[in-house]
Structure formats: structure tokens, C-alpha cells
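Read from first to last, the chains carry the letters A, B, C and D; within each, the first residue is number 1.
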Amino acid sequence: MQYKSQAVAKPYFIAAIGLFVGQILFGLIIGMQYVVGDFLFPEIPFNVARMVHTNLLIVWLLFGFMGAAYYLVPEESERELVSPGLAILMFWVFLIAGALTVLGYLLVPYSGLAEMTGNSVLPTMGREFLEQPTITKAGIVVVALAFLYNVGLTILKGRKTVVSLVLLIGLAGLAVLFLFSFYNPDNLAKDKFYWWWVVHLWVEGVWELILGSILAFVLIKTTGVDREVIEKWLYVIIAMTLITGIIGTGHHYYWIGTPDYWQWWGSIFSALEPIPFFMMTVFAFNMVNRRRRNHPNKAAVLWALGTAVMAFLGAGVWGFLHTLAPVNYYTHGSQITAAHGHMAFYGAYVMIVLTMISYAMPMLRGRSAANSEASQVLEMWSFWLMTVSMVFITLFLTGAGILQTYLQRYSSDPLPFMVVQEKISLFYWMREVAGLMFLIGLVVYVASFFVGSRQPEATAVVEGSAA
Amino acid sequence: MSQAFTKAMARNIFYGGSVFFMLLFLALTFDTHTAWPQRDNHENLTEQVAHGKRLWEENNCIGCHTLLGEGAYFAPELGNAFKRLGGADGIKGFIASRPKDGIPGRRSMPQFNFSEDDLNAIAAFLKYVSEMNTASWPPNIQG
Amino acid sequence: MTAEAAIQQQRRGLAVPRFPPGDLAIWIFILAELLVFALFFAAYAFTRMQHIALFDRYQAMLNRDAALINTLALLTASYFVMRGVVAAREGQGRLCARWTWAAVGMGALFLVVKSSEYAHHLHAGINLSTNTFYMFYLSLTFFHFLHVILGMVILVAVALKAGRGGYTPEEHTGVETGASYWHMVDLVWLVLFPLVYVMK
Amino acid sequence: MNTSFPTRGLIRPCTLVYALLIGLTCVTWMIGRSGVGGPGVSLLVLGFALLKGHLIGDWFMGLRDVRGIWRWVVAIWLLVPGGLIALAFLLSFRG
């Protein structure tokens, strides 16, 4: 750790991992409710548990992004953060607001929460992923602004690198696009249209900039490849991301009351969305192959490569699978969507945050470059457990989705939704088992922070001038 | 003639390309706004429908159901529920008759204790949604 | 010297270059754009199969004379741009600037003619939702129209720098980069013109 | 330095290419104006377009002087959508 203020990243990362555990537990609850319908009913109905599952995901990824930024920006800018105190203050504000919101979800009926928080003044609640009370949304904006001020000023006052500029553009875009969550017209077509400006332009737009810049940072640090080369490719990849992804929003505008031409524009551009992910995979492997040194933190390199592969599979391949309008006509809003969502979020965003944590945490905990051998071995075990489990979750949901699509939408004698759900319950059982495997992987991951912390640091093999 | 692949040009393409496609996206957004009146069923967007949408939101219906394919995939699609359940009475009857403790072993919809006005508003909202021009999605009545 | 620089130097020594003129980054962009247009063209052709009568009927209502002028304008612009590259190669910066400005003028002519066509359509109440033919016609030509504007912006930047003496016979990659992009804009139109205006 | 563009002489080869491009364009336009259609005419017009595109790639973009895959990048681009367009038109005449 080169700068003292990088230490503020640590609580962000710890909170991220804690909330990640919560997200997975609630995921297992709703996975169980898929097969045992009355599980925990009426104490924790499905809608509440799912809301906790998805909202925790978003919040912990945001914690991860912020932690990553606080770690990365001082090092790139070659100066201390403008205000480490503000970063810590915002950490607590965000954590407490997040915790209160989740408690609100769990303890109060949702309509009661809406009433308590004055949703009628500015109604923004009750839309997928944006279920937070309006007041929480306002809190998110405040936290985001303080964060942007802190990070932005540090970047502007210090050395400006491509990595930090791209990160800043991504984070600023994240904040600006979130403002559309306050726009909730009565006209459902307009509501849905602009809802995607938050959701799609986040995950298939500005978040990919954040992903790209974190990945580039970790690759620069762990491979020793010339910064010029990595930054050049970073620009090209994110250029392709936005070129395809912005109009690619159209793949959400097929069936929500928007004009028919979106079927063409959306299909054509989103068919190209896998390209930047593919470039990212090629790029990551290329850089690691051209490495000038072997970094002792092998786990971090594994996470980085894993991100590149899984993001391509989950976001690229599974996205392409159902993005063309004639296919999407049958698969829209089925378990195919769920399959894609799981692997894309895990591969692109969960894994990039874990990559950054894996890289930074040893230094934040006083190591010079890497954890002990024992700790890394455990961490790599958790990598494979979680990643393979996620592959199976995705495959089972895809199987469920194909059957559902056929039975409910495509066959000559379409069956009702609930009848179909019962017919495909075997897939949901297998998904739940894979989910339990994932939880085991997560437990191993958490354990890796406590194992071997007294043992000496791992050193790089052979040309080990590293660290 | 030297072959170059420069960071400066990669940067220009990132900024230029992004701005270009953002402007194109805004142009298509503008056109979408002009095309909406023909297909968004706004002429039936009454106070009652707006009230129904608010109830839809404040009870987190999207947490189980999909509406025009978006939401959770736990419970049936509701974009065409007005037609599938046979109109307002079918919808009101279904919502009002949910048992408080659910149906043993099965996915159950909570009992929301809606007033008659609320039930009418929800039905009106679902009627309004079912009359939007959604390029004939969903493919059939099962949603 | 980095390994990459060494390789690049080696490349310069070769008589036949391995890469096209201009910055490789623009070629990645060009490939992406060409891919989008290719998909659009194929989509047009295969959709037309299902609506032949409709497509033929509305295609006949397009203004082919305007399209001819536009094709000639783009071809001429491309020719001018190419002459500008030759001038830059010979170290004649001012001449390069003049050729490039002339190309910008041709691009402007294209914009004027195409805009008058759009004005005509607008007046007739035609838009993207009128029918499938107009959806494709307007999407394709408007998408290309924006590319002409972008190409002109790039050419203006090149012309300004050339006029300032910013290029030398040794280093004029910028001219070639801008030229390559412009030729791509021309190339796309060369397929678009017969496909949308003539073939039936 | 690339010397493939002769700078002396009466008419540059690229100027001849330009004249050819203009000529082919005018023929295409006349076909469009005459209102004739059908498989032969359509494919002829398409062929002109692909030829023109190839000339642009070779002479204007300068791909003639490049070796390797980039030499053919425009040609491939022309042939793939060109082939698909040809296929679609041929099928539509059959049906």
C-alpha cells in the first residue's frame, strides 16, 4: 500500500463481502420457494426475499466499486485522497441507510414502508431493482455525490491516467443515470422506457467502464505489462462497449409499447454486444501471457482471468442467446432471462469486485503483495467452487427456461404458467443444490481471509523479481 | 508510411464513438416519443388507472409477477391478465379470495386486504396495460 | 526500446505493409461499423422477401435523381480525399488541406440533397413507423447520414491540421486515418444506393 | 514511403478508377430510372456495387499495397452481405 488513505477501501470491501453473504442466503430462500411454494410464507413472502436478494447485490457491488475506487485512485493519481474522513463518513451513511432499508423490507409490509417513507410525495418505489424508498434513493444520490467529489478531485489534482479517467467517467455515468430512477410517469410505456436508462445503461454501459478500468489496473499491477499497451486496449474495448451497448438498449424495447423498429435496431446492435466482452477475454489472456513478472498473488490473477471468461460467457454468450427479437418473442421474461442475469452479474461484476478485493486486501491487511500460500490455495478453491456452481445454476435455469418457453409459449397447446412451473420443478431443485454448492464456495472464500494469516507471504515462482 | 496504433486515436474513437451513438440514441428516443400516442393507450390513462399503477407499485407486485415480461418470474405474466382472467371481475375475485396463510405447499399470493375502490383501480390498470400495443406480445393467452 | 517498438521498426523496413494506411484503432472502428451496416443490409434483403409488393411500391416513390447526385458527391469526395493523402505524402500540406476542404464541400452537398429528401418525406408525414419499407429506408439512410456528418467532422480536423503544416511526408498518419474513415462512409453508400433505390 | 501512386504522367491511374466509378454509377442510375427489374438486372446492379466497393478499397483506401488479411478485409465485407443480398433476391424471384 503506497498511500495511507487507500486504507479507507478496507471497510468498503468488508461490508461488500458481508452483504454478499446475505445476498446468497436470500437467494437460497427464494430458490427454495420456487419448489416449496409456502416456504417461510407468510413471514417472508417471495417478493420480499427476492427484493432483498437483488438489492443486496446492487448495494454490495456499489460498496465494492467504491472500495476499488478508493484503493485505485490514490495509487493512479500518486497522491492521497482529498478527504479520507469523508470517505469513512459516507461509508457509515451508506451502510446504515442500506441496513435500515433492508430491515424495512423485512419487518414492515412493503405498502407500509411506502406510506412511512412518504412515497406518495414522489412515487418511485415498486419498480424492479429500484424498490428502495424514495428517501433511500435520495441518500444514494448524496453518497454518490460525496464519493464523486472525493474521487474526482483526487484524480483532477493528481496524475491523470487512462485507468482513473475511465473509472471516473463510469462512476459519474452511474450517478447521472441513477437520476432517472426518480422519473416514474403514470404512462407505463414511458415508465419502462426510462427505467431501462438506469438498468441497462448501468449494466451494459457505464458499469462496463468501471469493470474495464479495474481489470486494467489489476493487470498493470500483476503482469508488469507496459501501461501504454493496456490503456490503449482499454480505450478500444470500452469504445466498443458503448458503440454497441447504447443502441443495444433497444433489445429491451421490443414488447413494452415502443415502436416496432426497436426490434431491428435492438437486435442488430445487441448482437454485437458480445464483441467487447470477447475482446476483453483475449486482452486479459494476452496481457497475462506477455507478463514481465510472476506476481506472488496468483489468486488475484486467477480472478482477473476468470472475470474475463465468465463475463464473456454470461453477458456475451447468454445475452446473445435470447437477444434477437424473433427469439426474444418467446423467451422474454422466462427463466432464460434469469439464467442470463445470474451468470452475467456473477461473471462481470461479482468477479471484478472479488478480483479487486483479492488484489488489494493483502496490502490493506499489512502484507507487501500477497497472502500466504495456504490462504491463496483456499481462495482459489473458493473461486472454482463458486464459478462452477454458477455455471450449473445457469445451465439448470437455461434448461428450465427452454422447457418453459416451449410448454407455455411455443407448443401448439400452450399450458398455464403454474402448470408449467410444476413440470419443470426438477430443474429448480437442481438449481437449489447448485446454489448450496455456491454457498459452500462462499464460506470457503470467507475462510480464506482467516487461514494462514500468520504464515509467511507467498513468493513468486522463478523470475521472481516481483512485488 | 508507418503503421501506428496509438492511444490518442483509441481515445478519440472512444469519445467520438460514444458521443455519436449517444446522439443517435437520443434521436431514436425523440422519435419514440412522437410514435407513442399511436400505441401507448394513453387515452385510457385515467385517474383510476394511475391509482391502480400506484397500488401495483406500493405492493411490490413486480417482486413475483412479470408485467410485459419484466419483473420476477415466480408468478404469471400480468400484461394480458385482464383477458386471461376474464375481465375486471375475474381479477378482483382472484385477488380478494387469497387465503391469509397461503395454500399449503404451493406458491401463494398474499392477502392484501384491498378495498373495493382499490380492487377496481387495479383491474382498471391491468385493463389499460392489456390494451397497449406491445407488438402482439405475449405470444398467447397463457402469458 | 520496447519489444513492440522494435517490431514496429521492423515493419517499417518491409516494402509491403501488413496493415492498412492510418491508425489501426480507426480500422477497428471501421470494422465495427461495416459489421452493423452488413447486418442492416442483410436484414433489409430478407425482410423484403416477405413484403415484395410493398417494397417495390414505395421504392418507386424514392427520388433516384437525388440519389445519383449523392452518389457522385460521395465518390468525388472520396477522390478528393485520396488526392489529399497523396499531397500529404509528398509534403504538400497546403495542397492536402485544399483537397480535403473540397471533399468536405462534397459532403456538405450530400447533406443538403439528403436533407431535402427528408424534408419531402417529413412533409408527406412519413416516419419510421409508416411501414416496413420506410422503416428500413429511413433507418439505413439516416444512420449513414450521421456517418457522413461524423466523417466531415474528421475531415475538417484533418484539413485544419494540414493547413497548419501539421503533417510531414514521414508522419501523416492522421490524414490516412481520416481518409480511411471517409472511404468507409463512401463504401457503405455504394451498396446502399443500389439496394434501396434500384434493386427490385 | 509508399510509391504506388505515380505522381507524374498525364492521367493518374486513380483518376481513371474515379472515372470508372462515375460511369458505373450512371449506368446504375439509368437502370433505376428505366424501371426495369428482375433477377438479371438486380444482380447486375449489385455486381456493379460490389465492383465499385472493391475499387474503393483497392485504390482509394490503399489496400492494394497491403499484404495479409487486411488486404482482403473490404473484399470479404463486400462478398458476405453481397452474397446474402443476392441470395435473398434470388429466393424472392423464385417464390
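To be clear about the criterion, a residue touches a chain if its C-beta (ideal position, glycine included) is under 8 Å from a C-beta of that chain, and two chains touch if they have at least 3 such contacts.
Predicted model, so just to flag it, every value in this text is computed and none were measured.
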Highest C-beta pair count, chain pair: A-B
Distance from subunit D to subunit C - Cα centre to Cα centre, in angstrom: 14
Averaged-CA centre spacing for the pair subunit B and subunit A, given as whole angstrom: 24
Approximate Å spacing (C-alpha centroids) for the pair subunit B, subunit D: 47
Separation of subunit A from subunit C, taking each centre as the mean of its C-alpha atoms, in whole Å: 38
Subunit A residues counted as touching two or more neighbouring chains: 232, 235-236, 239, 243, 259-260, 265
Subunit D residues counted as touching two or more neighbouring chains: 1-2
For subunit B, residues that touch 2 or more chains besides their own: 1, 5-6, 10, 13, 17, 24, 31, 35
Topology of the chain contact graph, where touching chains are joined (line, ring, star, complete, other): other
Complex contact set, residues of subunit C against subunit A: 2, 4, 25, 28-29, 32, 35-36, 39-40, 43, 128-129, 135-136, 139
Touching residues on subunit C, where the partner in the complex is subunit D: 16-21, 27, 31, 34, 37-38, 41-42, 44-46, 48-49, 52, 56, 60, 64-65, 67-68, 71-72, 75-76, 78-79, 81-83, 85-86, 89-90, 169, 176, 179-180, 183-184, 186-187, 190-191, 193-195, 197-200
Subunit B - residues contacting subunit C, complex: 1-6, 9-10, 12-13, 16-17, 20, 23-24, 27, 31, 34-35, 38
Residue ranges of subunit A in contact with subunit B within the complex: 30, 33-34, 36-38, 41-42, 45-48, 50-51, 110-111, 114-115, 119-120, 123, 125-128, 131, 162, 184, 186-190, 192-193, 228, 231-233, 235-236, 238-239, 242-243, 246-247, 249-250, 253-260, 262-263, 265, 329-330, 332-335, 337-338, 408-410, 414-418, 421
Subunit C-touching residues of subunit A, taken from the complex the two chains share: 226, 229, 232, 235-236, 239-240, 243-244, 259-261, 264-265, 268-269, 271-272, 275
